[in-house]
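Okay, so chain A shows up in both of these, paired with chain B first and chain C after.
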Partner chain A sequence: MAKSTQAAAHSPLANRIGPDGNPVALTERAHLGKINLRGDAGDKAFLDGVARAAGVAPPVKANTVATAGTTAILWLGPDEWLVVTPAGGQGAMESSLTTALAGQHVSIVDVTDARTTIRISGPRARDTVAKACPLDLHPREFAAGQCAQTLLAKTDVLIHQVGDTPAYDLYVLCSFSRYLWDWLADSAKEFA
Partner chain B sequence: MFLIDCPWCGPRQQTEFHCQGEAHIARPKDPDALSDEEWANYVFNRTNPKGVHFERWVHNHGCRRWFNVARDTVTDRILAIYRMGEKRPKVKS
Partner chain C sequence: MTQKNRLAEGGRIDRAKPVSFRFDGASYSGFEGDTLASALLANNVHLVSRSFKYHRPRGILTAGAEEPNALVQLRQGARTEPNMRAPQIELFGGLVAESQNRWPSLEFDIGAINNRLSRLIPSGFYYKTFMWPASLWMTYERVIRNAAGLGRGPTEPDPDRYDHRNAWCDVLVAGAGPAGLMAALAAGRSGARVIVADEQSEMGGSLLSDTGEIDGKPPAEWVADALAELAAMPEVTVLPRTTVAGYYDHNFLTMLERVADHLPQPPQNTPRERFWQVRAKQVVLATGAIERPLTFIDNDRPGVMLAGAVRSYANRYAVLPGRKVVVFTNNDSAYHTAIDLAGAGAHVAIVDLRKAPRGAVIDAARAAGIEILDNHAITAVHGAKRVTGISVRNLDESGRGVTGPTRSMACDLVAMSGGWNPTVHLFSQSRGKLRFDDALAAFVPDKSFAAERSVGACKGSMQLAECLKDGALAGAAAARDAGFEAKKVPAIPKVASGTEGAMLPVWVVPSGQKLGRGGKHFIDFQNDVTAADLHLAHREGYVSVEHLKRYTTTGMGTDQGKTSNVTALAILAELQQAPIPAVGTTTFRPPYTPVTFGAIAGRNIGPFMDPARLTAMHDWHVAHGAKFEDVGQWKRPWYYPKGNESMHDAVNREVLATRSSVGMLDASTLGKIDIQGPDSARFLDMIYTNAWSKLPVGACRYGLMLREDGMVFDDGVTTRIAENRFLMTTTTGGAARVLGWLEEWLQTEWPEMKVYCTSVTEQWATIAINGPYARHVLGALTDDDKLGPKDFPFMTMREMTVAGAPARVYRISFTGELAFEVNVPRRHGHAVWEAVWQAGQKFGITPYGTETMHVLRAEKGFIIVGQDTDGTVTPMDLGLDWIVARKKGDFIGRRSFARPDTSREDRKQLVGLLTEDPHAVLTEGAQIVQETRPRPPMKMIGYVTSAYHSPVAGRSIALALVARGRDRIGDTLWVPRLDGGQPIKVTVTEPVFYDKEGVRARG
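Presenting the complex of A and B:
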């Protein structure tokens, strides 16, 4: 099953070409595996089970990210996380989580195709995003390893700062992704 | 910019939140036993005070969690923020 869905996978941003570097670069990280995970953050058995399956325990501190190799677990709420894997890795992650958490009161849902991910990086990436985002993106308040769900140009996004350059991964609903991509490309123009 | 202190995310802009009406309204245990007037009172009638109002908010563009807010309807000042299931705090406008 995983094979046939992969073959049919189509990115809504497949034909978009963005600014390519200085001072802002846009790229799509298409089809990253995404699992919505819910469970009790106060339950050691749950934290240990996730750590066994994903290589790292879900972060308990609000709006932070835990990573292990190519897997990242983003905090979404006090009992909710997004487990992100490389493209195509969602099936294996879903089964390992299901096995590791068997018998526990949890929810494990593959939401890979709901959103796509736009990577924005470069010395002016922060300024490009900050123009229409109510989050305080100053490094004092928001730095690499932090994530937040917020609004960007009126669109719901999950924003994850992945590097100090800075670089951000923006998780956006596929149906809003062309709008957001075009908005970002336009926002970056003044810095070119 | 009007900031609201989400119990989980900390201060965030008002546009990330929605107010979902008065808090602490208990659903009647046995709706069938209620008169039409009592039911209408539960469904429609609210205290609508000028001053301290206890209300439910949701961080719907953020962590999507619900919490309670005590707000002064005259000044819009937020006097207290407390979690679902907690008793309403004593506040002065």
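Presenting the complex of A and C:
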């Protein structure tokens, strides 16, 4: 039977419909490429290697994001990053990182399917998230280009502010994603 | 005009918006801007409740959160709420409220007999009387609680939404009276992020009830200007109807915002209340002060009110609660009430405990034609359901008794003031230390231990000019400490300055009779605690204020003694002949006023109570009728009943299909950790009990992890993916714990090891194909033709394409059958599962859930960590000595095997149990004994860890941990039953019930 044809791909939020406009919009950015990268930020060879492969060096400042074109590198820890590519870009990124970092003690793991990404945007996006997120999301403290790993509605999320509207990309483990989506949609009802 | 006490003009009510409401079945009208209390008083309703213990008629005492008496049952049906404070209930159209703690009616209350019997039910009466026999306390308690009840809780589910909100700010200002508003303005002007919260619907605090001028403007106008300025500041959040309820460590505070309590019901999707969790860099407390009642005889009669409250009702709500008023005071503040009431047309007399008070405000009262009886005390209050008059006498030379003739005065209102207590509740919660101020005869903030400043009346500044100045300076300083320099020091508004005469603390006003005779001196109105009760407690030896509180109940209840605590302390101090500070205060605990459980729960109810984790195949399971089991947060298919099939039948069918043909299980939830680096094998040697360095690439191995104490902690199969890369699996529940464990050892003990761990649990969807036809099913889905036992032997892994998806296929088995665990990227999980299902049709492939998985593994004697182990079990206890490689060097837990306890001969060991009756399935957790007796105690020698009906054995099987278990194989033991039935006879066996040689999995 379906030996040779490519298996169908499903995202966990494929059938979810959320608020779609002002003051809050929810969309899924399904299947973004994601590589979990571990390495020594104090080693220039590592930083250079990543820069060669990804077009930009991994950020060393905590909770910041470095971007080059459509690639973003999110700081997760002193020796850990998430390299995000457009959907389908993870294979090429994994190969070029592996090549560029050959011989170094690093870890390059494709985690594309482990998480999905919920984009929440709109003038009340911050208020929607702040109901159950203990982080200070005020623009003076958390602005576009910053990321953080935190709890949102009892769910581990990696939050990346991508715009001043504001707009956030929430990277959430797929198993939690429907819970989080439904929670966000319910949270936004007050502002509709 | 039905509102006979409503003044013709003035007040902050909207006379264009009349509002009708019901209290105890009668209809009344008020205006928008009224509270339930002000509207009732406007309608000359003073009698609003019966007291807790004596069922005495009670009226409205206060105009704020401290109200002890006027508690009502608000609203009806699902939204009904007990113990709501009438002065804080905003009037809305259609409001329905009922009085509490009376039967059959407020006017005629049977329970009032308690007042007649009060000599028989002193403090501690219930403790003393109902102590014996102890077994009857439950019965007594029910009767007592019925007799001394507050309101009733609703019986229907709450229909409203509640929500939460996290917030951060540079400066949080609690209270928006003159001091709080000045602080908010000063901080806000610096650009700092400010939250200013006030419990009332309107901000302004005392200024809303005040006369006079600020900066040449009426106080209310100054408030409006200040609020307009704050509203225009983008970084300032103004929150009316918001009580700062709790002040915790590190300037973490909680607030309750009553978003829609003032409306008949919340608009759709609007929360009724919002619970705020605020992290503030700096806090300014501007919480004001609460007036003290005077403790005179029968001071609880309806129509006896606090003087400041009377002033508020007159000035803010345009309600004159009485026409003929006696103001009874020991300080100057009540004179403002007297003057304002006289100005509103009331006949006013002042009874002052002080001798010959002097000062501008006293002169002003005299000038207003008010009679002042100085050095006098009220010695009787006439009238029961409403005050009709009072008696006064001169104080004697000592000031502790009365002398001379009695003069009676008719009146319909007594406005009393015993001085003011700064509202130090939040300050105290923040760990601040209090100091007793002799001039105020009250506790004030002393040493602060938080980034906090108290300003205005809550720090003891009782003059308006001081309050404004305090607020301005503290607001600017708080902003500065948060990193914002004020551009200009805010100008302090100009107000008329006045000096106040000294107050005279009189803690118990003499009546000329022995305390407790002829009437009652109430201290705590809500709990019916009198001065005589405190004297009794003192005589009975209560010394500690904390004991006094619990014995007499003073300071308990919904108001937590806001009007009574300091007076009670002062009386106790007098009795002990000790200074008040030596007696100390009881502890102020959050919340300041009650917070609803709805607000605390927020939206964490129903589906949002806890995340439900779903696998990629979840929708398939739902569509195929799976029943689900919660495993941690995961929803795992438990079994898949067909039609009306019982669980027992479904599991039997699933087990037999898997043993005889092929079954499929969603195993995606197992933890998976990618381990990379040149020291990976060495790391695993330390983490697991067995040896890993020589494991070939592509091979799998079962491993046990121990804690330092040598006890089993987790288990799973780990595979060498490449020379320096492993894929570890963990139990479903242990996934996060094991990753944390690995990181802890790498980061704290072995930082030199070059190893990185990455969780990949969710990257992969896992489909376990088990059964004699497993290879046939897999073969139909892949072009890889090397699936035979030579090319793809047991305990190895191959990468291949399965049903069009890149897959890692592990030949491992948790059932004892030929098995392949197909791992594909999660996105393909659903499609590949469906393809396996389709390909398996001709073999009758059967999806099975966790229950069947448990039966299959138990038949093989495979343990489940956490079910067959409990944190006190070693590998040797489990009979897994073979997995402990003692020769390989160190590993976590190894040293503990040298402890005598881990080599005791009577340790519990894993064995099998077979019941004499093959149909009797033991209860998991049941205790095991060697000898039975008719009833406990019996010597327990172990317990059942797993018990199932085994379809292939055709009988029940069980695993158990039994002391010296392996020596007992063949012995007969007993399992007593909880239901008292005959103990079940069992035989001890090896813990393997099927395919003991293990040939099936290797085929």
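Here is the rule we use: the second predicted complex is superposed on the first by the 185 of 192 C-alpha atoms of A that agree within 3 Å, B and C clash if a C-alpha of one lies under 4 Å from a C-alpha of the other, contacts with A are read in each partner's own complex, and residues count from 1 in each chain.
As a working rule, a residue touches a chain if its C-beta (ideal position, glycine included) is under 8 Å from a C-beta of that chain, and two chains touch if they have at least 3 such contacts.
In this text, all values refer to a predicted model and were calculated from it rather than measured experimentally.
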item	value
First (chain B), second (chain C), both or neither touched by A:D113	second
Contacts of A:S187 with chain B and chain C, given as first, second, both or neither	second
First (chain B), second (chain C), both or neither touched by A:D164	neither
Touched partner set for A:P134, first chain B, second chain C, both or neither	both
Partner chain in contact with A:R178 - chain B first, chain C second, else both or neither	second
First (chain B), second (chain C), both or neither touched by A:N63	first
Contact breadth on chain A, by residue count: chain C or chain B	C
Touching both chain B and chain C, residues of chain A	134-135
Touch list for chain C against partner chain A, complex	163-168, 193, 269-271, 277, 279, 602-604, 607-608, 610-616, 634, 674, 676-678, 754, 756, 758-764, 780-783, 801, 803-805, 824-832, 835, 838-839
Residues of chain A touching chain B in the complex	62-63, 76-78, 80, 134-135, 148-151, 156
Touching residues (chain side chain A, partner chain C) in the complex	1-12, 31, 36, 38, 79, 105-107, 109-115, 127, 130-136, 138, 140-141, 153-155, 173-176, 178-180, 182-183, 186-187, 189-190, 192
Chain B residues within the chain A interface of the complex	1, 8-10, 12-13, 15-16, 61-65
